[in-house]
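Next up: the structures, one after another.
You will see two complexes here that share chain A, one where it goes with chain B and one where it goes with chain C.
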Partner chain A sequence: MFIKNLKGGQRMEYRSDIFKKRYKNFILVSTIPVVTFYVIFMIFPIVQSLYYSLFKWSGFSAEKEYIGLENYGELIGDSLFLETVVNSFQYVVFGAVIIIGITLMFTYVITNYKSRKLKDLVQMILFVPNTISPVALALLWGFILNTRWGLLNGLLERIGLGFLQRGWLGNDYIFGAALSLLVWIHVGFFIVMYVAAADRIPYSLYESAQLAGASTWKQFTKITVPLIKDVIETSLVLWTIFAFKIFGYLYVFGAGGAGADAPPPVRNISVQLFLTAFGKRTPINRLAYASAMAIVLLILVAILVYVIRNILMSAETIEY
Partner chain B sequence: MKFKFSEIPKYLINLFLIFWIGFTLFMFLWLILSSFKTTREIYMGVWTMPSDISLDNYIRVLTDFGLLRYMLNSLVVVTISTVLVLALSAPIAYVLSRLKFPGSSFITMGFIIGIGIPIQTIFIPLYLMMSGFSLTDSYIGLIWLYTVTSLPFTIYLLMSFFKTIPSTLEDAARIDGATATQSFLKIMLPMARSGLISAGIFVFVMLWKEFLLALVFISTESYKTISLGLYSLITKLTYTGDWGGLFAGVVLVVLPSIIFYSILARKFIAGLTVGIGKG
Partner chain C sequence: MKNKKLLLSLTLLVSIFLLSSAVVMAQDSFTYWSMWEKGEPQQKVIEQAINDFEEQYGVTVNVNWTGRDVVTALKPRLLAGENIDMTDQSGEELYGGLVANDVAGKMNDVLEMAVPNEDGQVKDVLIAESYDAYVREDGSLYIIPYNFITSVFWYDKVLFNDLGIETPETWDEFLAMSETLKENNIDPVAFGIQTDVYRGYFPYHASERILGKNALNNAAGDPTGELFEDPRWEEVGDILYQFSKEGKNLLMQGYESSVYPAPQMDWILGRAGTFYCGTWIPVETKNAAGENFEYGAFKFPTIEGGDGDPTAVETYPIGFNVLKDSENADLAKKFVAFFLQEKYAKQWVEDTKNMTPRAGIAAPAELKDAKALLDNANSTFRLNDGVQADYPEWYANVFLPLASDILLGEIDGAEWAEQMRTETVKFWEGK
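Up next is the complex of A and B:
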């Protein structure tokens, strides 16, 4: 416990000769293999994707035909792909508003709990979906929303709201249904970050507000939110990345019971990219074309993250 | 507690939170209850109780449909990957968090960027590369991919842990002439034990639920991991209209994760929140 009160470890300068002699080998042995693996298996493949995207190639035949930017040209006219781009942005925007909104509200009430145990328990329950296989969750969500025997329609019937019953997995509602699954999971993910950040705000900051008779809501909006702004920003960046790269939930959820390919309304770029490269039900196997999608995905994510970090969140963070 | 007008938002949001948690718990309860039903009973609606508590559904998916095999596969692949990731990450995280040497900031930045690389942008070249080594559709190939793709995040996590540990003991050891290997093994690792365990649990859970890489790289039935295995159950069981079996399959995947997590939740959350709010 005493460790927490001390200052964290400092970095040492790589200066003196003794230091060099004593640490050099350790640095080399611990760094070089890991960095090499990382570059070969995670960085180099990005360059390769870029390279493949310039060819007409199934990926499995020997000959590749160089076609320049034609794959990208085809993407612009590919209405199915464009739909998945729009979907991805919709997941980002609607998801961010709903998830961050709900997470903030929950942070407000959870940080006001007096009992540590209750605080931990509530967070723990909210976090549970994040520990479970996406395939299982997507299936479970499909069971719940099943029109004939699902939990939601059953509940609506029972409490006299039968007129609200819908075919939730039909084309009209399936995007919202998929989004609701993502919201349910990620509120639990971000709440843990928010509460941890809020817990580290010194209590003294709240005392004067309490003396002045400010309501807990006022204290939350005027003190807590501004002081956890950096974590909110991080969560926005993370959500943006998630929304583009989330795969399992959407791939399995959209497929429904029949095990078909996910229908277009729920697909994000990731799902479309997978189906184009390795789709099992209707094999397309256009690896070069899918590589172009991968590059577009990467560029879109990079631009969005840059925009969020530097433009939306440009105001300086507050020190306390 | 006295009712205060100005506290109305708190009451309303608390109500919403209770509803949210209630729905979550009710959902899992319904899932478990339904897993004992026959498919006929499931069709009869939400409020039908299972006629008898029989384990038929469970036995069928575990044995006939090989769910047990998938679980064992996951256990082997994920355990080995987690150990490998920690073994590779701990020394470099130590070096990067403690020492300043030419390139150290650059390498750190490189790993942080790597956390954001979507697997989708690299799986096509990886697939071609791995088939070149005949490592597609193999345990070794999957273990290796799990290890490599977990590196950036694990290194980042361990660096955050190591930074919370004071360097006084290492300074003392250095003055006494300890080598870097000695300070790492004899001082850092014991002091960072809880951090390493948190990171290990985190990596284990993340890899246990991994789906995309398994889907791309594994096709042989007997190599499938739990997520992929459950996915292949969907096709098999809906083909025969066996919804009861599918419910049981989902329970068998969900329940171990929940139990494992509720035992280790504190460690797990510590892994997630290290480095937050240090100002």
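Up next is the complex of A and C:
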């Protein structure tokens, strides 16, 4: 069999097989450090958390009392924990819809720029929040949304839309306010992925569409979106994981910088877990109970990612 | 043979030197993890005292300027078996974190220690009200305070004079004061419900006035909820409801979404007439205060028919604890007594604009009224009546959410009292 007689996909597979056979030992040796680190820093802590979750333990000393599954039983009736579970799911669902929607809109706009420099500049501006400390951004967002002297309400007043002013940090709006912060940050992150994916689509496809008289919107919906579907799906998985484990922004947002705990309506499981394990102003200090929360978090994320990958995501490979 | 002897002698000498150095080092140094950060005025005063202590006794103090999360930072270190001799924080955080988990050491013996370079003992120079609320039933004390905080209603004396308002003593007078402020287009009380510490102030102060000290603490720890069946809890609820926008609307507009530092800024800029907060407020607001602004303070008003001590005020000390397993406890405690010398207490007041628990030292001008309230108090009570430290999950799951509901006017006094009972029962059933 000659390699030149094989088609694109088969050829890649054939080369990969040869590579695997020839460098089998090298691959094995190269993998060992990675696997070792993964086991030590990922698998072992998970097993350890599972073990600790079966105890009553503050974490201040080595003394622990075995209580079996009682921590898990308590979680079911813990209204504050259940509120953070609901919040986490709301972040996943509303965040996914809004972030992917806005990211696609920006992708449409950016991919239609003729100038490469302009394309890069807009992406860079949108990406900037990802390079700034989460604490600083959360505080800044809190100041912008402050009811009495925040930028947003001031702006609404100035442009004659005072009737839209709200108490953005009150119970009715604070979840949306926190979500808007996360949207602002993550849109910039996913745009870089989407635009990079769109850039790899051969231009000939667009030329054919243009010759057939397709509008830019039609080209975007019929060519760009289907061909970056794999990246959109990956971003969905990433966002699901982010929404559950994101910490810094939600830990600080709404607390006002006075060392206070983040208000319950904005907390996700990660924030609640930390506050339960280590306390802050409220010295709860239940490390074992927080470990049970961590295990529940792990299971929820695993289930969601499994569902997204196996039910929502398509198995087809994109080829041009 | 000669060489062998020499080698043996040298080895012996080196061993003795190393051993004695280790003993000297172990005896003559201690480790202190501080709640202050490098550069803060409080840190500078303590650092000065540490330098003097090292010089006077020829010892070493290993300091880690950790910051406010010091108790959290201590946890993994202690778990790993590291020796940390001393730390400092507020009474509530020390009791909630270290005492509750049997990590804190008793400090009663420090009260009996002589204050270095002076005549008296620590118990003679410390104001008892600064720590007596923290003495356990068995007499154990786990904090020696060096900073004395209380919470009061703050107001601008110049503004009150201009409007002809007398500071209120009773609840009715407080309502009258609020009316006068409203008539002058000033919201009576600056407030932000999203900040836990603000949200908790009125519920536990009202309970102190109506039911007395420890009533909230006892009821929080009662799994049967029976203590909340006392009809006086409804009276507490009624007072809280009056604060709300559905009641007598005493809190500033937009309080339902106001977050630190907005309330204190609203107050200092004259949009609200009073602000309930700790004695750190003058330091935090001074730069924004107008030229003629004059800090005044009055205590939470007494409530007619209430069983609480009408003179009682909150005590919120910040102080030292030498940990239970400290290897250098004697030296660390010696420093605690050393730091209570008059010269450092004076420097504390002067440089940090805070009050000292040391008797006979005047408070900064801005805190004069607050200090007078403390001096005239017959008794004191802990921040949140101690529930934040003693029952932190109840505080987070029951107390704060219901405080929010009633201060927003979503439930009335009777509903609040009933829900305090039912939610407490539910909370303890889940444990």
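Criterion: the second predicted complex is superposed on the first by the 275 of 320 C-alpha atoms of A that agree within 3 Å, B and C clash if a C-alpha of one lies under 4 Å from a C-alpha of the other, contacts with A are read in each partner's own complex, and residues count from 1 in each chain.
Simple rule for what comes next: a residue touches a chain if its C-beta (ideal position, glycine included) is under 8 Å from a C-beta of that chain, and two chains touch if they have at least 3 such contacts.
Quick caveat: nothing in here was measured; it's all calculated off a predicted structure.
A.B. asks: Could you look at A:Phe278 and tell me whether it touches chain B, chain C, both or neither (first, second, both, neither)?
C.D. replies: both
A.B. asks: Is A:Tyr173 contacted by the first partner chain B, the second partner chain C, both or neither?
C.D. replies: Second partner only, chain C.
A.B. asks: Check the residue A:Gly254 against both partner chains and state whether it touches chain B (first), chain C (second), both, or neither.
C.D. replies: Once the two structures are laid over each other on A, A:Gly254 reaches chain C alone.
A.B. asks: Thinking of the overlay built on chain A, is A:Phe55 touched by chain B (first), by chain C (second), by both, or by neither?
C.D. replies: Touch partners of A:Phe55: none, neither chain B nor chain C.
A.B. asks: Taking the superposition on A as described, I'd like to know which of chain B and chain C A:Tyr91 touches: first, second, both or neither.
C.D. replies: A:Tyr91 contacts neither chain B nor chain C.
A.B. asks: Using the touch definition from the top, say if A:Phe190 reaches chain B (first), chain C (second), both or neither.
C.D. replies: neither
A.B. asks: Is it chain B or chain C that touches the larger share of residues in chain A?
C.D. replies: B
A.B. asks: Is A:Trp149 contacted by the first partner chain B, the second partner chain C, both or neither?
C.D. replies: In the superposition, A:Trp149 contacts both chain B and chain C.
A.B. asks: Looking at the overlay, does A:Ile46 come into contact with chain B only (first), chain C only (second), both, or neither?
C.D. replies: In the superposition, A:Ile46 touches chain B alone.
A.B. asks: In the superposed arrangement, what residues of chain A touch both chain B and chain C?
C.D. replies: 59, 148-149, 255, 257-259, 278
A.B. asks: Quick one: in the complex, what on chain B touches chain A?
C.D. replies: Residues of chain B touching chain A: 4, 6-7, 9-10, 13-14, 16-17, 20-21, 24-27, 30-31, 34, 42-47, 88-89, 91-92, 94-95, 97-102, 104, 107, 110-111, 114, 116-129, 145, 148-149, 151-152, 155, 162-168, 170, 174, 179-181, 184, 191, 205, 208-209, 211-212, 215-216, 226-228, 230-231, 234-235, 238, 243, 246-247, 250, 253-254, 257-258, 260-262, 265-266, 268-269, 272-273, 276-279.
A.B. asks: Note which residues of chain A are touching chain B in the complex, please.
C.D. replies: Listed in rising order, the residues of chain A that touch chain B are 3-4, 6-14, 22-23, 25-27, 29-31, 33-35, 37-38, 41-46, 48-49, 52, 59, 105-106, 108-110, 112, 120, 122-129, 131-136, 139-140, 143-144, 148-151, 153-155, 158, 184, 187, 192-193, 196-201, 215-218, 228, 231, 241, 244-245, 247-248, 251-252, 255, 257-259, 269-270, 273-274, 277-278, 287, 290-291, 294-295, 297-298, 301, 305, 319-320.
A.B. asks: What residues on chain C touch chain A, complex-wise?
C.D. replies: Against chain A, the touching part of chain C is residues 68-69, 71-72, 75-76, 78-79, 92-93, 96-98, 100-103, 192-197, 254, 256-262, 265-266, 271, 388-389, 392-393, 395-397, 401, 404, 408, 426, 429-431.
A.B. asks: Would you pull the chain A residues touching chain C in the complex into a rising list?
C.D. replies: These residues of chain A touch chain C: 58-62, 74, 77-80, 142, 146-149, 166-171, 173-174, 254-261, 263-264, 278-286.
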